[in-house]
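One chain, subunit A, links the two complexes that follow: it is found with subunit B in the first and with subunit C in the second.
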Partner chain A sequence: MSGTKTFSMPLGPVHVALEEPVYFNLTVEGEIVRKTHLTSGHVHRGMEALAMRRNIFQNATLVERVCSLCSNSHSFTYAMVVENALCMHIPERARYLRVIAEETKRIASHLFNTAIQAHIIGFHSLFMHVMEVRELMQDMKETVYGNRMNIAANCVGGAKQDINLKKQEYILKQLELIEPQIREIQDIYANDPMVHTRTYGLGLLPVDDAIALGVVGPVARGSGITDDCRKDSPYAAYGDLDFNVITETGCCAWSRVQVRLRECYESLSLIRQCIDRMPEGDIRAPLGKLTVNSAVARTEAPRGEVFYFIRTNGTDVPERLKWRVPSYMNWEALSVMMKDCNVADVALITNSIDPCVSCTER
Partner chain B sequence: MLDTILAILHMCIFPGGVFALAVALFFKALDRRIAARVQRRVGPPLIQPVLDIAKLLTKETLIPRTAHRAAFIMAPVLAFTGMAVCAAFIPVPGVYSGLTNMGDLLVILYLLPIPAIALMLGAAASSNTFSSVGFSREMLMTLAYELPLIMILLAVAMLVGKETGVGAEFSLANILSYQAANGSLGFHPVMLPAFVAYMIFLPGTMGVAPFDIPEAEQEVLEGPLLEYGGPLLALYQIGSALKTFVVLGLGVALFFPGTLCDFWPVNLVWFVVKCFLLMLVTLTVVKAATGRFRIDQAFWFYIKFPAVLALISLVLVWWL
Partner chain C sequence: MQIQRTGDAALVAELGTFATQQENATWQADDMYGNMTYWFRLDTPALLYPAAVALKAKGARLTMVSACRRDTVGTSGRYISYHFALKGIVYTLRVTLTDTEDSTPSITPIFANADWHEREMIELYGIHVTGQPNDNRLFLDEKLDAGLLEGAVPLSVMMNGACTTDLWERVLNGREDGEEKK
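And then the complex of A and B:
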């Protein structure tokens, strides 16, 4: 205390506005947050250690369970890193199938984060509406892959299941349904006076800070930085597809949501292009030779760049598997965003980086 | 002696106490159902608010060791009794003309902030960080919405007083009889800004979106109510339900007290229907269509809109 008018306020690890456990110790003066101290580690499951005890096929199942919203990005990047270590080339059709699964998960993830923002500002009708629209994507995942969250679309060497013509038609139909609804949602988030007053100019992350902190994904793009692995180092079929990297220059929570919603259109277009251009053929390649080797792979998850490193020793159990997730890079930006913010806005700012605590703590 | 017994009956059975609580809980159930339908949910059964309170009453009372025991227990009792008494002052046009015939508008003005004050007292007594943030927010909100309320009541009193030649009329019975003779104040062009201001005052005083700031679940975890549970929380909820009846009933009495006929059950139902419509417009629909303001935004909102609207009515009454 030391004679000042500040007091400390705990936020978390279990808190209504936080989806996952993380603990903020806020030093508050009236309603203004003067200092933020963040402690995490509540959902550490020792997954990297577990990965070193399982073979490369079992690990595909393990890494998909690192987190739920970007589960596909983990199995995707993991499959890529193993393929790199084993010097494999996957069939053309599998490259497109992987993009379809990834972009479907991206839309669902972005809509989820957008909905949670409405929940935090107490706008329950909007929350329910966005979640209802997201349900179209959930239905699609369940119909095509048989599961709502962990869709197990990828395996080492290609894709786990093919998408036949009937399913392609169904996917296109769902996309037709969801597109006008996302447009409506984007309009609400852009122009609704209540959402606008609460989020515009909130949690500022100026471009200089964003670059210095090395933030990734929608957080970087919301600060006007053109940073997207899909464009910077094309993988799977992204090199052959047309899409734009969405950026906003507002540097605030409002811009980040706009980036996410506008990215949904790009994702819709990517899925359509994939279905249109997908060649016939195999969906899985035979396994390569296990040698002493190391490899890296990176992809653009909904939250930003996911990076995987593997070292193999000639057996089917990796000697080391290590991954770095986007939220790890974005966490530090919170201290900039929360500078002198309101107690009411702490949860809102935290949500604006779309934190994935389970991913970060592994 | 008979007067005292009658007054107590008015506080406990009609229109305060049992009647007000039944109406308010029924309204709360309807409110939840309608909000659920807006969000394409089914919503709880109509009996749910009663079940909620019944459940709370059977629970154990837990008091934090660091809390100030007496104040912690007194606060919900104060909120409940304050509102039960206040409900007895609300006239039901054509059925019941209010507890006294003199200055009851002033009494209501003094009794209305009691739940908010009790909430602050409870928050301060429960020695919890979130409660104290809730405390400061509740205080700011109270300051913000009490100002327009005072001006609205003053505008009504002065208008009626001017017309009847007594200066300012603070008797609700007289305000009602004036309106019965000269038409409802809600249709009076000068009083229109005051009525709009009253409609904006309602969500603030009831603490519903976009003004559910002191008890914001996502920000301060129910704030002042955080440490409360069991019967004490039930008392707060009953107090809050009674307050719904009081503020809606007061709105109807001040602006639309018209009756349909001389048969009292019809008037009673008509009164309840009008209260419901007022709730539907000011609480349910607004709640379903908005998020939550930040406390500073809400404070300035109240100063900018309802306070100015009420002031316009007040000045117009003064000049014309």
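And then the complex of A and C:
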């Protein structure tokens, strides 16, 4: 028999890995994926256009709704970019409060992605267990901030709400409860034969490709790239706190999950350090003067670098507000990761970049 | 004590050479944490390519491209900002599109991750990007015209059509622009 026939296989737009729409057009040869073409744009909401019709305070509420899992990273980076444009300095206590909120969200986000991986593998008892552990963080967010997802912790000029001693004690107690459970989960994902067999060496992204494609977050760090905005250009209280940038060198789905789970330990440590070192004082600074100016800001969200650009024109409505989410940089890496993989692995590889469609399409 | 993180002096000088003809063509600013950002307004869009080559040679990473809608920029011209990160420092190159130079060169051959940004500019803002190697649609369906959102009339303007002149001015301006193009 001469030659092998390839054919086109549509996948999506719904339920490829998450319940968000993205459409793959796969060129397959038997069970093997030879080429991946991706089409997005099914849930474009025009949020950047909306942002240019709202004032800088209203936009804080709008951008928090770009995404649910990294909602805090959007309000955080947005507040920073406005503060940069208005040449503002926020109070020291607010810098620590911002880190507490961000790291709390990071743990919850990483556990969610980890759980979904178990779900795709078909290891449903593990999926349920990780989601149950994640509930500790959800409870914590609800108790401290009053909400499970959009916690509205940031505002332009600082933090929206303080965390009193009683709540600090409660947070520390929750961290005590969750830490041993995350250690147990990490051990399962590192060594369990079923998880290891399905994920180790799957969805390879060699370091050269990772650099060329400019991937960010755990996708980059899973390929050995030591890139983390919290270290590279410290913001909030990160410059005063001790933590490690977690990397793995396996370049595969297993490595990316290990980066996320090991980062949870760093987040737990960061929250404890913040509670220990947070000074007393104001939590908000007065608004600076609105002028004609341009500014940028970037933070390390759970999925990687979030980047914001603002141009102000002297009014309280921005002339331009643009943001780029980490998933936007990571999607293209799928064409490398899926090269010559099995069709059955497409969902698992897709999940390994922790994709967010609503972020990407804004 | 706060540490100020500054950029690569040689790179800043080199990028400055692409932005010498205009007033206030380069500037820098730091945030409250001491992280410096550098801004360069390039003389012409054609200079984007060699400036991007200089950034690539130093190991920079493209982080974002910000295009803007024509109706939001007033008389300042339609600009595109290209943001790059190198060792924690952000460098921004800004090109301005004019009637005579209404296209920008593709930098996808230099930075592979510029592909999505440029296709987004083409599809949503109708900006001409010369040499873009990927002509597949990213967001919009093939049946829709490129730059569709550029011509969209917001619902709020539409609903106020009876009591303001804004809607009709937009419609007339759009028609005049269309006639000029013909």
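The rule is short, and it goes like this: the second predicted complex is superposed on the first by the 357 of 362 C-alpha atoms of A that agree within 3 Å, B and C clash if a C-alpha of one lies under 4 Å from a C-alpha of the other, contacts with A are read in each partner's own complex, and residues count from 1 in each chain.
By our rule, contacts are C-beta pairs under 8 Å (C-beta built on N, C-alpha and C of every residue); 3 or more make two chains touch, one makes a residue touch a chain.
In this text the structure is predicted, and so the values were computed from the model without any measurement.
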Exercise. Consider subunit A as the common anchor and indicate whether subunit B and subunit C clash or fit when overlaid.
Key: fit
Quiz item: Should A:176 be classified as contacting the first partner (subunit B), the second (subunit C), both, or neither?
Solution: neither
Quiz prompt | Touching partner for A:128 - first (subunit B), second (subunit C), both, neither | solution = first
Quiz item: Taking the superposition as given, does A:307 touch the first partner, subunit B, the second, subunit C, both, or neither?
Solution: second
Quiz item: According to the contact criterion defined above, which of subunit B and subunit C contacts more residues of subunit A?
Solution: C
Quiz item: With the two structures laid over each other on chain A, which partner does A:84 touch: subunit B (first), subunit C (second), both, or neither?
Solution: second
Exercise. Tell me which partner A:329 touches in the superposition: subunit B (first), subunit C (second), both or neither.
Key: second
Practice problem: Report for A:319: first if it touches subunit B alone, second if subunit C alone, otherwise both or neither. | Solution: second
Exercise. Quick one: classify A:184 as touching subunit B (first), subunit C (second), both or neither.
Key: neither
Practice problem: Based on the superposed arrangement, let me know which partner A:41 touches: subunit B (first), subunit C (second), both, or neither? | Solution: second
Exercise. Quick one: minimum Cα-Cα distance, subunit B versus subunit C, in the superposed arrangement, integer Å.
Key: 23
Quiz item: How about subunit B: which of its residues touch subunit A in the complex?
Solution: 35, 38-41, 129-130, 132-133, 136-137, 209-210, 212-213, 216-221, 288-297
Quiz item: If you look only at subunit C, which of its residues touch subunit A in the complex?
Solution: 3, 5, 29, 31-33, 35, 37, 39, 61-64, 66, 68-69, 72-74, 81, 83, 85, 87-90, 92, 111-113, 115-116, 136-141, 149, 154, 156
Quiz item: For subunit A, which residues count as touching subunit C in their complex?
Solution: 37, 39-41, 44, 46, 49, 52-53, 80, 83-84, 88-90, 211-214, 229, 231-235, 239, 294-298, 305, 307, 309, 311, 313, 319-320, 322-324, 328-329, 331-332, 361
Self-check item: subunit B partner contacts - residues on subunit A that touch it in the complex
Solution: 7-10, 15-17, 28, 30-31, 118-126, 128-129, 132, 194-195, 197-198, 342-347
